[in-house]
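Have a look at these structures, which come just after this line.
Next, two complexes with subunit A in common: one pairs it with subunit B, the other with subunit C.
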Partner chain A sequence: MIIRNIGLRHGRQVIAASASPSCCVRALSTSAAKSATTTPRAPTNVPSFFTTPEQRARQEAIKAEIDKVPDNFKEFRSIQKKTVKMGGETHPRHLPDEMLKYPPHDATLEMLMAAQAHMGHNTSLWNPANQRYIYGVREGIHIIALETIAAHLRRAAKVVEEVAYHGGLILFVGTRKGQTPIVVRAAELAGGCHLFQQWTPGTITNRDQILAQGKLRMVDELDRDVPGFDDHIQDCRPVIPDLVVCLNPLENYPMLHECGLANVPTIGIIDTNADPTWVTYQIPANDDSLRAMALIGAVLGRAGQRGQERRYADAEEGIISWETPSEVRRFVQNTLAAKAQEKKDQARESLEPDGGREMIESDADIKKAIKELTEEEGL
Partner chain B sequence: MSVARSVSPGGALLRTSRLFSLPAPIPPSPTDASNGHHGSLSATQSFPTHQIITTLASSRRRGDWGLKRPLPLWTTTKSTNAMLRVKQIDTIEDITDFSSATDQGLTLRKFQELHIPLTMPAENTPFDSPRASASSMNLPKRSVFEKDSDFTTLDSVNKTALKDKRWRFQGPWLAGMEPGQFAKWVAKRVRPRRPEFREFLKQKLAADMLQSTSQRAIDNGEPQPELESIVVSDEQLTEYLRRLRSNPKEIYEMVGQFLDLAPLATPQEVENNTGSGNPYSKNGPPVTHPSAGLSYLRTSEYLDNHPLYGPQASHPATLARVIRPRRQNLQVDAKLGLAGFVLDAPTGDTNSNHKFNLRQNPLSKLDVDLKGGAKIWVQPTQASINANGRVSMLAKDASYEEMLIAKEMVGEEKIFGEKPTEPEPEVPVSGTRETVKRQMARKYNPKGSSMSGAPQYGLDDGAFKF
Partner chain C sequence: MFRPRLRLPRAPQIGLTAPSSSSSSSPFLRPLPLTCSRGAHNMPKLREEFSKDGVPGLLSKNAFSISWHEYQQSILNGLNQVIDGTEWENKDIKHIILNSARQPESAVLFNYASMAHNNHFFFEQLAYKPVEMPADLELVLTQSFGSIETLRNQMILTARSMFGPGFVWLVKVTNQVGRTHTFKVLATYHAGSPYSGAHWRRQEVEIPSAIKNGDDGIDEGRKYLANSAYGSGGRKTPGEVKKPYAPAPGGTDVTPLLCLNTWEHVWIMDYGVDSTEGGLKQYAQEWWKVIDWEKVRNHARLHTKPMQA
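Showing the complex of A and B:
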C-alpha cells in the first residue's frame, strides 16, 4: 500500500547493508552446515574513520527510513480504520438476546435444537408419564423429540392467541433465576401480567384477603376506562387470570393446584422429570435452559400479541370478541332501573308521566345504556 | 449396499448436532490416580480423556455453553480461556458435572507453539530414559504419521502382515501384566475360547497341508487342489498340536495371532539391547495413538524466517523452567519444565554444562529468592509418547546467538542497530569458552575493562542471562 516502505518490508538486502551484526544473519539451508560451524561472530563494527562518505550517507538514509516507520505505521492504521467498512460490513452472527429483542412468531426445529430445548434430565430422574415425548437416550440424558416440542408449542401458542383475542387475562410465571426478563417480555408482548417472584399461596383461593388492596378498572372493548362503575368496583372480587403460562411447574405446584381449583387453564413447560398432569397444556422441553425458555416465552408472547391485535382490529369494526360479565350486566340494569324510577318519581311529582324502560337484554343495549349513563353524567 | 434408515427431520437434525458429535471419553492412562493408581487425584492427567469444549465470550457471560443448563458464572468466568470438560450433562443430583480444562487445553497450545513433530519412540532404549538415546540425539527420528507406522484401520489380512508395525492390538501386552492379572485374564478370556482355537489351528494345518499337496501336484503335473478338499482328521490335528507344543516359538506365534497379542521382545533382544520387530515390543504398545493428537506435524525440517536477519538455521529458542536443579553428590539430575511437560536437562558439551558456568548455573544451584524461579533457553529437538501415554521430550541448550535473537524478539535485548562498545579484537574461535567469555565481557563491561567476576545469572525477569 505504501510504496516508500516497500524497501523496508521486503528488503533483506537493505537490512543486510545496515549496521546489523552479521552474526545474526543466517545463511540459507544449503549452507547451513557451514554456518553451524562458523563462529558466532560479534557485530562487524567498522570504526567510523574507515567508512567512506558514501557508505555513511547510505547508512543515514537507511536510518532515516527506519525512523519513519512509526509514523508510517500510524498512517497505515488510520487508513485501515477509514477503509475497513468498504465493500461490506460485518455483523455479529450470534446475538444472545435475540429472542428478547426480536421475538419470533414460530419456533423451527433448528431454533429449538439450538436453544437446547431437546435436552431432558438424567435418565434415572424421569417421570414415565413423559415417555410419549421422549425420542431417545444420549450421553445419559433423555432427548425430547423436536417435532413433539414444536407441535405442542404451536398448540399452546394457539391457546394463548385465542385467550388474548377473547380479552382474557394471561399470567406469565417464571420464578427461576434468569427468567425475569423472559416473563416480563412475554407479558409485555401479550398484554398480560408477569410473576417472577414466589407465588403467594392463596392468591387465587384466598384472593379476597390477599388481593384486597389491588385496584380494578372497568374498560370498554378498546380498553378505555369506563366511568360510572365505582360502586360496582367496590363490590367486585379481585380478578383471577384466564390463562397461566408457567415456565417452571416443578417449583410452582401450589399455583398450579389453585389454578386447577379455580378452573383456570394452564400451560407449562414439562421437562422429563415433571408431572405432565399438573398443567392443562403441556410443552415438553428443557426447562433449565434460559435460551429454551426465552424462545418459548417469545413465541407465546408473540401469539398473545397477535391475539390482542386481532381483538383491537375487530373492536374498531364494532365486533366485540368478549361477553359482558353477568355481574356487570346486572349492575347496569339495576342502575338504569333506579334512574328510570327516579325520573318517574320526578315526572309524577311534576305531573308529566314518562314511559318506563324495557329490560335490557343484548350487549348493544348495554352499550347504548352506558352511553346514556355517561351523557347524563356530563362526560 | 444397505438401505439408509429413514429418520424424522428432528432426528436427522439431532444427529448433526454438536452435542451428538462429541466423542466418547477414552479410558485414562493406566498410571493415573483416576485409574486406581497410587498418586495425587488432583494431578493433571497424562492425557486428556474428555473433549474440551469452549464458548463465545458473550455466551460465557450468560453461562451458556450449549449444555442443558447455564453453568455457574462463579466457576466458569474466572479463567482467561474458556475451556471446559463435561463429564455428565445431567446427574441425579440435578447438576452438570464439569471441570475446567485449561490445564490440558493450554498445554496443547503451548506444545503446538514449539512446532516439533511427534516421532516414533526410540526402539532400543527404555522410554523413561531419553538420556539413553542421547548418542543418537542428532539423528532425525521418523514421524508417527509416516506411511509405514501409522495404521488406524486394519483388516484381518493386514493384522498379521503388519504385526511388527502397528500399535493397536486387541489382546494385552503380556510382559506388562501382573501374575494375578494374567491368571484372571487366562481364566476369563482365554479358556472359554479353546474350541475356537482348535478350529483356528485346524485351518492353519489345512493351509499347511494344501501347500504340500499343491507342491506335490505341481511335481506330478496334476491339477491344483482346493482348500475345501483338504480334510483334517482329529488324529492329524492332535499330532500337529504335539508338534507345536515342542516348538514354543511357533506356538507363541499361533496364540499371538489368535488372541492378537501385542508383540514381546525376546529375552535375548532385551538383554543385548538390540531392536527388531515391533517398536513397542520392549515397552508395550501405547494407550493412545502414537501422536496422542498433540501435533500433526510430520517434520520440523523447515526454515524459520526472521524479519530482520532472514532465514535461520535453527528454530527459535524457548524458555524452559528449571523444576529441579542438579545435585551432584546425590546423583540427582536436573529437570526442566517446557510447555507443560517435564524433561531432562540438556546433556553434553553445552552452555549449561560448561565448567565455568557451574558455580552459578541455575541448573546446579537452587536460588529461592528468584521471582518465578530460574529459567534457561533451550531448543526442543524431539518428542514422543511413551507406553503410558506420557510425553517424553528432548531438548538441547540454545546457542548464544539463538538466545540473543529470541530475547530480542521479546524485547529483552537489543542487537539490531546497536553500536558495539569496543572494536573487535580478533575473529574468535567458534564455540570455545573464550569466545563466549569475550562476548560477555563486551556486553557487560561497556568500558572495556578486563573481565572480573563471574557472569551474571538470574536477573529480575528470572531469565538465565549470559
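Showing the complex of A and C:
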C-alpha cells in the first residue's frame, strides 16, 4: 500500500495530519477517553533488590496489561470477523506473502508474466550473449521470452531436485534488499543454507580461516547425528556447498568465481544485462522484480524439498543415494587401524592371538565398524 | 507527488427494467467499468431463497430485488468509483468507515461505505422462516428493557418518530468500569454509523430538529459538536457530573446486533406511503416477525469475556 500524504490531497485542515499507520490505529481505538491507568514506560531490567516498591508495582502493572493482550486480541478478532466485510467484499489478487506461505511447485507462463519476469533492461544496456533468450523489444526494453524462462527454470529445478536427492548441500544466495525472506524460505524448503548478506571473499578458497568457527555434524542416511566422529569434525576442513543458487549474479562475481575454481555448479538469474558465462545453469529472468524472484525461489525451494523427501523415502527402504566422502572413509579406516594396532599390542603382551587388520571396503563395513567402536567405548 | 489518474468515460447507467422481464438471479444494475477492478467491492451473497421469493412476510420479490440487488450494487458502484486508484482500494468496508468518518472531505466515501454496511447488516439479520428468540438472549434483553414487548415498541416507535431515512439499531454497550453489558436502541439518520470509532458520523439526531433557534440554539449546537467530538465517552461540561465510563479497547464498546432500515425505497412499494395506517408503521411491525434471532445472538457474543482495558 502506498501511503500518501492525505493532508496535501484534501485540504488545509488536515495538512498537519500525517498519513502514518498510527493515525489509522487511533481511529479504531477509543482514544477520546483515556483509560484510568496510563501505560507506564517499560523499565529496564533491574535486579529485584535494587527496585523500589513503586517500580515493582509498575512492573506488575505492565505485566498485567500484557497478559490481557492475547484474550483481548482473540475477542477483537472474532468481532472483526463478523463486521469487517459487512457491505461488500474485495478479492485482492496478489498478496506478496502468499509466495512464501504457499510456494508453488511449478510456474506457469501466466504466473511468470504476472510476476514481471519477462521485463529486461533498456536495449542499450544488453549483453549480446543473452540474445538467445530475448523475444523482442517493447517500450525501449528487451522482453525475455516466457517459454525460455519456464524451460530454463524447470531445468534448474531438476538440477536442484537431483542434488538434494543425492544428499548435496544447496546454498541459496540473494544479497539484494528484499531477497532475504525469499532466500531463507527456499533454503528452509530444500534443507539447505542461505546467504542474504555480502559474500566474504575467500569463503571457499580461504575456507580454513573464514569458516573455522562453523559447526559441523556427522549424519547418517536419515540425517540423524552419528556419534564417535568428534575427532574428525575437529580436524577436517570446512565443507563447501554442492550447488549454489544465486538470485543476483551481477553483485556476486567473487562468489561465482570461487565456485568456478572449486568446481561448484551454480544456478543464476540472468537478466538481459548480466553475463551468462558466470553461472553453470542460467535462468533468464528479470532480477529486479522481487515478485519474480519470490516465484523462482519458491519453485526451486519446492524442487529441493521434493528431492529431500525422495531421499528420505529411499533411505527408509535401504536405498542410499550418496556415498561416504573419501576423507570420512579414510578417517574410519585409520581409526580402526589404530584400534587394531592397540589390540595387537595388548594381545602380544598377554600372549593372545592378534585381532588382525580389518579392511574397509563398503558402507556396510563402515556401519559395522562404527557399531563396534561405539560398543567398545560404551557410548 | 500527485499521480495523474486515468479517468475512463462513464458508461451509461443501465436503468430500471421491468421486473417481470428480468430473471431473479441477474442483477439489474451492472458494475461500472473502473481503471483497476481488483480493489473493487463485490456484492455480498444473501440467502438464495430471498432472490426467488423475497422476504416472506416482509418484502415482495420486486421490493427485495430493488432494495437489495439494485440498491446495494448502486452503492457499491459509487464506492468503487470513489476509491478507484486511491489508497482506499482493497480496504475493508469497516476500515473505510472508521477512517473516513472524521474528515468532512471524505464524506462521499463514508456515506457509500456506511450505507453499504448498514444495508447489508439489515438484510443479513432477516430470516427466511420465523426464528424463536433464544432463552439467554431473551434474558439479557429483558434485563435491559424490562420486557421484549417494550423493546419491540421502542424500536418501532423510534422508527416512526424518525422523519427522514435512516436506521434503527439494537446495540450492545460494554462499560469497562463495571464490565457490564447493556443493550440499547439507537437511531442513525441517513448513513450514520453506530460504531464508536465513527462517532463523528453517528448522526443520532436531526440537527435542525434538535437545536433551538437563537442564542440557545447556538449553545446547543456547540454542545452537540463538543459531545460528538469527544465521542460516546461523555465529556464533563461545566455544571455536569461526569458519568463514570471507560470504553472497551479496540472500539468494541458499541456492538451493533440488529438494525431496521427505514429508507423509503425499502417499504414504500409493499406498504404504501400512508404513515398513519400502513406505511412505515406496518412495515416495522412486520419486520419484528422476520428477525433471525440466532444471528442476533451470534453477534451479541453473550458467553465470552468482554475485552478488558
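Following the convention adopted for this analysis, the second predicted complex is superposed on the first by the 282 of 379 C-alpha atoms of A that agree within 3 Å, B and C clash if a C-alpha of one lies under 4 Å from a C-alpha of the other, contacts with A are read in each partner's own complex, and residues count from 1 in each chain.
Just so it is clear, contacts are C-beta pairs under 8 Å (C-beta built on N, C-alpha and C of every residue); 3 or more make two chains touch, one makes a residue touch a chain.
Remember, it's a predicted structure, so these values are computed and weren't measured experimentally.
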For A:K158, is the partner it touches subunit B (first), subunit C (second), both, or none of the two (neither)?
neither
In the overlay, answer first, second, both or neither for which of subunit B and subunit C A:K101 touches.
neither
Which partner reaches more residues of subunit A, subunit B or subunit C?
B
First, second, both or neither for A:R56, with subunit B first and subunit C second
neither
Considering only touches as defined above, state whether A:T90 meets subunit B (first), subunit C (second), both or neither.
second
For A:R237, is the partner it touches subunit B (first), subunit C (second), both, or none of the two (neither)?
neither
For subunit A, which residues lie in the overlap of the subunit B contacts and the subunit C contacts?
19, 24, 27-29, 32, 35-36
Residue ranges of subunit A in contact with subunit C within the complex:
1-4, 6, 8-11, 13-14, 19, 24, 27-30, 32-33, 35-36, 68, 71-72, 75-76, 78-80, 82-93
Of subunit A, residues touching subunit B in the complex
12, 15-16, 18-21, 23-29, 32, 35-45, 47, 63, 66, 94, 96, 109-110, 113, 116, 118-122, 124-125, 135, 138-141, 143, 145-147, 150, 178, 286, 288-291
The residues of subunit C that touch subunit A in their complex are 1-2, 38-44, 72, 76, 79, 87, 89-95, 98-99, 101-103, 105-106, 113, 116-121, 124, 176, 196-197, 199, 229-234, 245-253, 255-256, 298-299, 301, 304-309
Contacting residues of subunit B [partner subunit A, same complex]
8-11, 13-14, 17, 19-20, 22, 56, 58-59, 62, 64, 66-70, 88-92, 94, 303, 306, 308-313, 399-401, 404-405, 415-420, 423-424, 427-431, 435, 438-439, 442
